[in-house]
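Next come two complexes, and both contain subunit A; in the first it sits with subunit B, in the second with subunit C.
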Partner chain A sequence: MQLSRQTLFTLALLLIGLVLPHFVYPVFLMKGLCFALFASAFDLLLGHVGLLSFGHAMFFGFAGYVTAHAAREWALSPELSILLGVLTATLLGLVTGWLAIRRQGIYFAMVTLALAQMMYFVAVEAPFTHGEDGIQGVPRGLLFGLIPLNDPLAIYYTVLAIFVLGLALIHRVVQSPFGQVLKAIRDNEPRAISLGYRVDQYKLLAFVLSAGISGLAGSVKALVFQLASLTDVHWHASGEVVLMTLLGGGGTLFGPTLGAFVVVIIQNSLAEAGSWVTIIQGAIFVLCVLAFRRGIVGTLSPWFAKIGIKV
Partner chain B sequence: MAEDSIIETRDLTKEFSGFTAVSGVNLRIRRNTIHALIGPNGAGKTTCFNLITGFLRPTRGQVLYDGRDITALPPAEVARLGMVRSFQISAVFGKLSVLDNVIVALQRKHGLSFQFWRPSSVLNVFIAQAQSLIDDVGLSDYAGIPAGELSYGRKRALEIATTLALDPPMILLDEPMAGMGAEDTSKITDLIRTVAKNRTILMVEHNLSVVADLSDTITVLEGGQVLAEGPYDQVSTNPAVIDAYMGGAHG
Partner chain C sequence: MPTVFGIPMAALFGQVVLGCVNGAFYALLSLGLALIFGLLNVINFAHGALYMMGAFAAWLLLGYAGIGYWGSLILAPLIVALIAGLIERLLLSHLYKLDHLYGLLLTFGLALLLEGLFRQQFGVSGLPYAVPPELQGVWNLGFMILPIYRGWVVAVSVVVCVSIWALIEKTKLGAILRAATENPTLLAAFGVNVPLLMTATFCLGAALAGLSGVLAAPIYSVNPLMGSNLIIVVFAVVVIGGMGSIMGAVVTGFALGLIEGLCKVFVPQVTATAVFVIMAIVLLVRPAGLFGKRR
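What follows is the complex of A and B.
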């Protein structure tokens, strides 16, 4: 059987994902994977519909709170806790999307930011989130009553599987009849309207899917770190996901993932630098945007396309 | 007479913060005819298109389509009634291939456009039809190219193919031949004549020989108002028209 280069490339990446925890600290890798899934979900809107949300932390962070609460206070299984987190993010996405999609450009970003700030204050004030402390000591539990997630490799492979499925779902959405309409809207919205597309409905569905998958990433992160805190609902997190996506390359398959890992690596290696991290991160961002206008993967993609690989 | 018209506007008026771009326009477009809207730049032709297709709300007046009041209808709903417009600035989906541009139009009526869980290969059933539409406008050799990379004239041709994919009874074309060479112009002229057999076409066009050649009726707009209306011979000999338009900038 002849495998296509695309398949070989994907398998190679998967292989790296499988062996990496034997060489690198798994928690660090899982953090990268969670943010990679988050950034990929965010890019479903930015790269494929052309909508810049500046409030995506609310889906990521709130899903984390709900999952943490369900696992700790209600002693629910990890799969149910994650499911509840995803549902919360999806519903939140429905409401936010419904309010925001009528706005264009910067107004869309502002509405999402305003609603995310509101949810941040809810997180600060609501008793169940435990304010500054967050929800700590979240039990990871037994996945499907079988797999003990306290085992570092077991949870790592679970997170990897969720990441792969999430990315596959996003890829499918992009490469579906629905995805074709999204790209049409991104390229020329008035034309899509003049062909009879009710574009708001398409944008809303894309927003809800993006919010739901962002929630999946946040829920998983809460189990990995056994913690849900204000950091993940703060607007910093909303900004970070924009950074990761643009750095790696919006509208590409692997760009947000690469961007997420680059940012997480920078943050890790500069952990001692304190408040300098933000400044260094900002400087790197500016340099990258100047050097690679289309992000790292976006810039490399023509080269990969020549050898028959879509990145 | 009235039931013979597919579009009717009554006292159609649009003001932009005090400036009246379209003023009391009463149009009557007869079914299965080619109707040209001409006039100098800034006359209000594109604004009329926007008002008729729901992309702008009139300050005053009404738009009727098939006798139905569509003045307040959102543009996507107007399109769904069978009135599809093009834009003055060529409107293609730049990153999609030429073939995919047409398929996006074809898939709309088939109720699978919300199916995000199915692979886009389910759209392959439309390839043959899309290819034949592309052939009709002379773009056979460009099917796989991103639409954004086409020349201006070919983008206009693709727009027409995409519009025809919806098989609409009413087509509005805003300067379809602008920026085209003589060869492309005559190709598109022939194409418009062919597709107009069982359709109504309202077009804005500056090329007067094309207008003379194609249109059954011509409306001359100036300063947002109708200056003259009728068949080409009648309009072109109207002293007011000669004075204001034909003898002027576009002579």
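What follows is the complex of A and C.
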């Protein structure tokens, strides 16, 4: 059997994902994977529909809160807790998307930002989030009643599986006829309308999908860190996911993942240096926008395309 | 003590004044945003950072140059405008030909960068800035006690907003500015230096943010994070008002400050979310904003 280069490349990446926890601290890798899934879900909107949401932290953070609450207070199993988190994010996405798609471009970004800020204040005030403390000591539990997620490798492989499935889903959506319509909307919205597509419905569905998958990432992160806190609903988190996507390369398959890992590495290596993380993130933002708009993967993709690999 | 709807009058008017003060800042900031957006098509995310820098400029001028409040009221906006001019010339002007979202992303990055730098230098605990002696004390209006400084802030904001409105609607310069918003290419063909006009507009918007910062310094403590939380509310104000008119931005700013103040009296738990809820309702009823035209 002849494997295509594309398949080999994907298998190689998967292999790296499988062996890496034996060399690198698994919690760090899981943080990267959660943000990678979050950024990929965000890019479903930015890279493929051309919608810049500045409020994705609300889906990520609120799903985390619900999962943490379900696992800790209701003692639900991890799979059910995650499911509840994803449902919350999806519903939140439905309402926010329904409001936000009434405006385009910059306004869309401002509306999502404002709605996310509202949800941030809800998180500050609502009793179940425990305000500044967050929901701490979330039990990881037994996945499907079988797999003890307290084992570092068990939870790592679970997170990896969820990440791969999530990315595969996004890839599938983008490649589907639905995804092609989304691209058409991105490239020329009036034309898509004149061709008879109900553009608003397509946008809304993409928004809800993106919100749901972001929620999945947030739910998983809550279980990994056994914590849901205000950090993940703050607008800084919304900005970070934009940065990850921009840096890695929007509209590419692996760009947001790479961007997420780079940003997480920066955060970890500068964790002691206080505000320098923010300063460097700001500087990368400025550089990316001015000189590096296609991102790392976007810049490398022609080179990969020559050897028959789509990245 | 007289009461209204079971609320002591003094408390009610106290919150109304606080609301007006907040509204004064919303109005000044959203006016600057609207000016910049109108001509440059850029949503200036760094507006909050410029506001913060205005406050810091006042604090630094006092500490290192001995220049007091009145000097800062003139100098700090100029300093902020100068920095903004550099930002526009060196960075922002390269992005006008691209999708407008890049302007938003660039200014977001700048906001992070500036905020981080100030946090690194000055920490997050607020720095005190005293109310100038001329504006200390209170006026007893009979039905309430009005701190003079708060009245001053509202008065300055109203005067500045009306002057800017008059500048744009009633002067030759304003006519050129409106023409540039309408059709920059045609205006350039008439020999007007449009890029210079853009820089000047960005500086003017930034100066308004800087001025707000100086006005805010004695009320809120001077703090690197003071701008970022405010600016998101101002964005919501801008969405509610629509970008169509200068007066729209000003009126919406004051009205929302007032509504927030009243919320604090009657339903304190929704104060933080009130503006955003109103924004959601406005989006449902009038997607282009109260004063906006769809474009």
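Worth pointing out:
Rule of thumb we're sticking to: the second predicted complex is superposed on the first by the 306 of 311 C-alpha atoms of A that agree within 3 Å, B and C clash if a C-alpha of one lies under 4 Å from a C-alpha of the other, contacts with A are read in each partner's own complex, and residues count from 1 in each chain.
The rule we apply is simple: a contact is a pair of C-beta atoms (placed from the backbone, for glycine too) under 8 Å apart; a residue touches a chain by one contact, two chains touch by 3 or more.
Keep in mind it's a predicted model, so treat the numbers as computed, not measured.
For the composite obtained by overlaying on subunit A, subunit B and subunit C can both be accommodated side by side without a clash. Legend: residue contacts after superposition of the two complexes on their common chain; A:Arg191 is shown touching subunit B, with no touch to subunit C. With both structures placed on the common chain, the touch criterion links A:Ile279 to subunit C but leaves subunit B unconnected.
In the superposed model, A:Arg172 makes contact with subunit B only, not with subunit C.
After overlaying the two complexes on the shared chain, residue contacts for A:Gln180 are found with subunit B alone; subunit C is out of touch. When the shared chain is aligned, subunit B comes close enough to touch A:Val199, but subunit C does not.
By the touch criterion defined above, A:Ile106 reaches subunit C but does not reach subunit B.
Contacts of A:Leu80 after superposition on the shared chain: neither subunit B nor subunit C is touched.
Comparing subunit B with subunit C, more residues of subunit A are touched by C. Overlay on chain A (Cα): least separation between subunit B and subunit C is 10 Å.
Against subunit A, the residues of subunit B that register as touching in their complex are 53, 55, 74-76, 79-80, 84-87, 91-96, 100-101, 103-105, 107-108, 112-120, 122-123, 148, 162, 166. Here subunit A touches subunit B in the complex through residues 172-173, 175-181, 183-184, 186-188, 190-199, 201-202, 205, 209, going by the rule given at the top. Contacts from subunit A toward subunit C in the complex involve residues 52, 99-100, 102-103, 105-107, 109-111, 113-115, 117-118, 121-122, 124-125, 235, 239, 242-243, 246, 274-286, 288-290, 293.
The part of subunit C that touches subunit A in the complex is made up of residues 37, 41, 43, 91, 94-95, 98-102, 104-106, 108-117, 119-120, 228, 232-233, 235-236, 238-239, 269, 272-273, 275-277, 279-280, 283-284, 287.
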